[in-house]
Amino acid sequence: MSKTDPGHYFEDFRLGQVLVHATPRTVTAGDVALYTAFYGPRFSLFSSDEVARASGLPAAPVDPLIAFHIVFGKTVPDISLNAVANLGYAEGLFLAPVYPGDTLMAESEVIGLKENSNRKTGVVYVRTTGTNQRGEAVLRYVRWVMVRKRSAEAEVAEQATPKLAEAVAASDLIIPATLDFSKYDYALGGAPHAYEDYEIGEKIDHVDGMAIEEAEHAMATRLWQNTAKVHFNQFERAKDPSGRRLVYGGVVISTAKALSFNGLQNAGLILAINGGRHVSPYFAGATVFAWSEVLDKADLGGGVGALRLRLVATKDRPCDDFPGKDEAGTYNEQVILDFDYWAAVPKRG
Amino acid sequence: MSKTDPGHYFEDFRLGQVLVHATPRTVTAGDVALYTAFYGPRFSLFSSDEVARASGLPAAPVDPLIAFHIVFGKTVPDISLNAVANLGYAEGLFLAPVYPGDTLMAESEVIGLKENSNRKTGVVYVRTTGTNQRGEAVLRYVRWVMVRKRSAEAEVAEQATPKLAEAVAASDLIIPATLDFSKYDYALGGAPHAYEDYEIGEKIDHVDGMAIEEAEHAMATRLWQNTAKVHFNQFERAKDPSGRRLVYGGVVISTAKALSFNGLQNAGLILAINGGRHVSPYFAGATVFAWSEVLDKADLGGGVGALRLRLVATKDRPCDDFPGKDEAGTYNEQVILDFDYWAAVPKRG
Amino acid sequence: MSKTDPGHYFEDFRLGQVLVHATPRTVTAGDVALYTAFYGPRFSLFSSDEVARASGLPAAPVDPLIAFHIVFGKTVPDISLNAVANLGYAEGLFLAPVYPGDTLMAESEVIGLKENSNRKTGVVYVRTTGTNQRGEAVLRYVRWVMVRKRSAEAEVAEQATPKLAEAVAASDLIIPATLDFSKYDYALGGAPHAYEDYEIGEKIDHVDGMAIEEAEHAMATRLWQNTAKVHFNQFERAKDPSGRRLVYGGVVISTAKALSFNGLQNAGLILAINGGRHVSPYFAGATVFAWSEVLDKADLGGGVGALRLRLVATKDRPCDDFPGKDEAGTYNEQVILDFDYWAAVPKRG
């Protein structure tokens, strides 16, 4: 028996199959420090135990994207080692905050399989759940990836394409049980903007730009034990037309999210991921810019509001004119990310 | 109202104005590990809980420069986002040690304003205080920066140039309350040199050289949540004659300080910053060298001495001939830092 | 007296001399996070407190290589600052697990001295012991380095070449006192392979490739407070024919070890280092590949087995044909590491 794990090919998956992913991971203050070093986030809730305690939490939770990256990383060897492309995310819901000391595990259920007409690849849909050491689910999301077949001739078992929600309903959002923004300190948060100050349709240019080096994205991706070869194996990537290692899409998400502080200072706590698309590849060296649009708002009660936000990131292109899709639906060629999420924000009244 | 923070321009500041800076920051063992990875410091007091306990402290405090960088970083969005240049530091005093778990906040008072004759810029002087979660001040320092005006025509309110001490008086130095060097282990410290072994006027070449990569300085600067665009936005910096991101001056200070171990092995604990000048810009790739001069000495009692040290750093130039200013007062063109501080050192007798 | 430490030259060493190395180092969760970011290891025992507890340990120990790098780093200023080459390791034995919070110190005894016939250099053999804050030895190993003489004329005192074991005997291996693999979770470990599944003579291609950047190896090496100039001083290295900083051999060991997960998923816990050779220099940018050979097996009792493994790493060369030495004993020119160690692995029956 070969001891080396070749990953799964499209014909290896079955509808309803449950995969228990390897390598549980204890989250630590070291991860938080590295996350700060990679992206420079400034949201006060994750930066300060004192701010978190004043908000009803026992200590600063880790940025929900840390939990997302860790859980995502665990799925790579089983789901996407032979992937051609990561196609999308949906129905992502953060269910409980994660604190340093918690240990995360991940499981995925195959909820959709669709062979492509060339018979060389197929799309695999999985619903992944991350749980902590108490067995509590901390996040759940769907992603779908295009996976190679080992052989074009291989027969594929039952196929199905799941029906996925266009967005998580505001009524399904879950705020941390004890979260209380009634004493939220806007000065320490970095801006006076509350739920009431954001308008649906409002666009915000986040102004700042952030370059990412090869060492930075590689370290950021290894930290999550993500093993996708495209991020690390330069010898192999030299044969690609780009000649470059591809940057993990999660690095772009976290970079853009950190940039969004400048305009969304008090809306750091992601509650749900409605969808996301890595519009074009990002290679190290280019400067990431970002802008956001308020897509929806919801009063969650108890002084907490939610903003549904579209976060668009570009490479080497400032976002003062909010580049996105043109009227024909074609993306500006410098757009690299189109990400749709819900975030909590304090409500004044 | 725009949600994006444009930072303050010179005409926005008022004498006596107090700015509460955003994003309190809990310091962790993760920050300490990163600090070690960025600079390679070897001072035993910060490296080992056991050494710290043998010195009367409850655990290893973080290098005072970590507290300095965190507090400095907090001030950037409010003070120096529109700065042309960081001109100097004075009257910096470390008031209490910082330990992992402490949460730091920062406030600044505007103590000086001086418009330049071109009316396009002005110099802002602030006294910044960093405090911990118990409201105790942990450090206080003055810095002055040249800040752009939004409009040359703008009238500037009351102006004043503060009178700043040339150096912190030895009698004002504060050593950590329970610090006790009576059992100081010189072998574990790395050298037998005590207070008595240093002579005023003595110069020490620190011999070693350290190159810094783009990824390293960018991570080091993001770790402190310092947002100055010149360090990160390569797209914008490509338009500068250098074409390069500028390295945060604090990276040079920490690099030179870590190099100073070789000769100042037992003098790692900075007590005060008398002054500092970033003589010329440093860009990634060049190798940093450093030398020190003993400017003054003071017996602080209780087995603790203080050395007033001048720390000079260069780029791509060894320091065996102690390069500094020539007789006309012009710096050698490879000098990048001239830093004046007090450090504690064990006294034998 | 010069305050700068010049390091020891060959004629400064004496047989039987004991050197207490400076700068004890408290290991933290920050070091573990950085280790993960540098190498991307996935061995479950070091990644998860829960897995470690299920294996009878109080929490996740740090990878034994972290202890090795820290202890090795401490010896550099005293042993190898003036080294021409790091020649080999032998008789390395891990004696007790290290946990975050432990403080490591190091001492070395000179056990061999052999001047080279050119009289310009000599080989120094030291047995180094790392101890924790309770004075317990956590690892012990022999290494030998070629060290410059200050002067070719200098007389060298008593010389001797120690007799070193070809490998640590299986009966000398020490497993952590409470380690219990009876409930080992192979799914969380990443593969079903147990002691029984490995055959002596079996070769495993680890498939994956990992590029290392200058920033990554420099940070990884500074983290261990290793001060060898060849890794950091680019100004000086520019005069070398390579023009490059040399990567610390320990970076190659840790990279290859992390790659070995793919095939040795449950054999992460190094018990002993039998030998190791840095066959040729590695410079940043090249992609590291690795393969392993099972050299020996030993049932240690209590459900724990040991595999003696040869780990070979290459640069820019996949290892599907297991490159090593040819029949004449000459290494393939892309081989950079030949490392021989014992690792624990769960035994099923």
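General remarks:
Read from first to last, the chains carry the letters A, B and C; within each, the first residue is number 1.
Note that a residue touches a chain if its C-beta (ideal position, glycine included) is under 8 Å from a C-beta of that chain, and two chains touch if they have at least 3 such contacts.
Chain identities (UniProt): A, B, C = Dehydratase.
Predicted model only: the values in this text are computed from it and were never measured.
Note on connectivity: the fewest chain-to-chain touch steps from subunit A (Dehydratase) to subunit C (Dehydratase) number 1.
Homomeric contact subunit A (Dehydratase)/subunit B (Dehydratase): same residue numbering on both sides for under half of the interface positions.
With each centre defined as the average position of its C-alpha atoms, the distance from subunit A (Dehydratase) to subunit B (Dehydratase) rounds to 36 Å.
In subunit C (Dehydratase), the residues that reach two or more other chains under the touch definition are 28-31, 33-34, 213-216. Within the complex formed with subunit A (Dehydratase), the subunit B (Dehydratase) residues making contact are 1-5, 20, 22-26, 28-31, 33-34, 77, 100-101, 103, 105, 133, 213-216, 218-223, 225-227, 229, 232-236, 245. Remark: subunit B (Dehydratase) residues 28-34, 36-44, 47-51, 60, 187-191, 193, 197-198, 202, 204-211, 213-216, 262-265, 285-287, 289, 316-318 touch subunit C (Dehydratase) in the complex.
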